[in-house]
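What follows is chain A paired twice: with chain B in the first complex and chain C in the second.
Take a look at the complex of A and B:
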């Protein structure tokens, strides 16, 4: 138990930013406008909400939570791509 | 005896007018030298533009992205030399700006490339480099 907690030690700033970058990149891969915008917004809001965490175990917990969400997003991107909508969302139409 | 004294007077008399035109000639020569210099300032200006290594419209687009992301007021100065952290951006804002740059210019910025972006000029140079690689 203790070793697994020690293994999930506080991530560095670079790792946190790399996680955010992967989340935003995965979000960009969705074909559905709604899901894409939601994923981007949720990722940024989540990171901003946890911006001032000081406790290293809380930081590690948030980081592992973010990583599991990244896995979910990657899986869903593949599933959504199987059912890509043919009609573009009205928000995506360029004026 | 009288003739002897006369000639030196004449000689000395003759010397004085000769000296004056010599001075005039030398003055004219010194004036003509600056006319001979070529158009060096324009060459220097051309060299400056090449060393910047980023087009003005790229820098302008990056400034526009930064301005929109940080919601800066219209009178805030954003130019090539502005450092993004000085404009009030934290690391999360920097990641968002890099994402917006990727979307606008249709390029992919690598992890280490994204770490080096500290000012608008850095970002514009990186964009130019990646566009060149893509086009090649």
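Take a look at the complex of A and C:
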């Protein structure tokens, strides 16, 4: 049971990279400067931190965690865009 | 003066020009709350007479922190269709809310190493502090008449103590050493047979110093005195263990850890049991300690924020420490006469309280309009008085007037730190150029020896 679940869930390298790409793309959609930068940074650091994971069940757990994070990010990017302030953060202005 | 005001109001009443905007505003009922549009995308923000090109970069995390999108995500369902009262026992709406509140209670408890049964939700750390200080002393008023606290506590603890003083209780306000740490021997000798409570905050809100909690807890255990701590600034930032700290009561806050405002919690030890007199009476919610309907969305938000804090503490800490170093080195590398207020070793790294010699603090803050920082605590930032916390450290009046608190958090970027350094340095140099004090100091005059004329 446990082995079949792990085998079924263990993602391929391609799937992992696709998840990271989706996360980064969703992060880029955040209107808020700080949240956008954080989401990108946290996604990259999270994947870097887990890149040497060998245990298939641990890989599967990290993958499913990343997928649920992606769902949260997608929803929140929409919410943030609905209430985006008219004025940008000073960090986004060209000087 | 008076006449001109009357004239102006008469003109306004008579002028037909004011009628159309009034009508236009009436169209939308919520528009009444918006006094005047202050955002104008073409030219930036105008508020309180100050024009800023964009929203300032936020470095005031001790005042409050932005809500994490993951926290908001957990809260939204409870603002939409899960609106039940968690105390409703007769239908699904109540049950699902109750379940959510209880799971949030477990999340908060897990972060501080407590049992969920020991967590009471309140409106914030201020309420928790009030319940702790006044509630305990009122409950044990027949035998216990003395409270020990420190001079650098948050205003709400000091004010609760002052309130007790008016009722005839004795309060000892312990002084702190120049680095902000309380002297354990003084604490020990201040304990009397009728001491009912020792209240020392874990992380100071203004200077970020971390008090020796375990040692204080040990002393309190030795004398069998209840120990209360205000851990609003410590929660989620430094590891907290109620057993190691031996606290009987602990105040927690939601909005300092990327959660919503208006929610906090109080840890109350069960073994040995600590009892308080409630401040709020009513329906008996939260075991009668804090009556009033528990705000499910806020509680869920605080629970989510605590769970996140547990997961992210190590990552955040590493990052925030690096940013603090970058900020301090950046400023110190370019200007002299910069003093860190409070201990550098025993300090939460997200706080950097700096004093800049020879500049005037208010002018510096006014010049830093693109950086959202404060001179000390938000509660007292409206007054021109120097902070009582800095005075308790023995910081000279002139240096206490020039303090700025930089608060670094989860969402702060390297670029923001670099910009803050650049703007601070620019502003300090500009003000020093104008300052006769700086000129004299550079010429070798001891500023302390100046005789100021009285007026």
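Note that in this section the second predicted complex is superposed on the first by the 88 of 95 C-alpha atoms of A that agree within 3 Å, B and C clash if a C-alpha of one lies under 4 Å from a C-alpha of the other, contacts with A are read in each partner's own complex, and residues count from 1 in each chain.
One rule holds in what follows: contacts are C-beta pairs under 8 Å (C-beta built on N, C-alpha and C of every residue); 3 or more make two chains touch, one makes a residue touch a chain.
Owing to the predicted nature of the structure, the values given are computational and were not obtained by experimental measurement.
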Clash or fit, chain B versus chain C on superposed chain A: fit
Touched partner set for A:74, first chain B, second chain C, both or neither: neither
Which superposed partner A:89 touches (first chain B, second chain C, both, neither): second
Greater residue coverage of chain A in the superposed arrangement, chain B or chain C: C
Inter-centroid angle chain B-chain A-chain C after superposition on A [Cα, multiple of 10°]: 130
Partner chain in contact with A:34 - chain B first, chain C second, else both or neither: second
CA minimum distance (chain B, chain C), superposed complexes, angstrom: 15
Contact footprint of chain A on chain C as seen in their complex: 39-41, 44-45, 52-58, 66, 69-70, 72-73, 76, 315, 370, 410-413, 415-416, 419
Residues of chain A touching chain C in the complex: 30, 34-35, 37-39, 42, 45, 69, 72-73, 75-76, 79-80, 85-93
Contact set on chain A toward chain B in their complex: 13-14, 17-18, 20-21, 24-25, 28, 44, 47-48, 51
Residues of chain B that touch chain A when the two form their complex: 90-92, 95-96, 98-99, 103, 111, 114-115
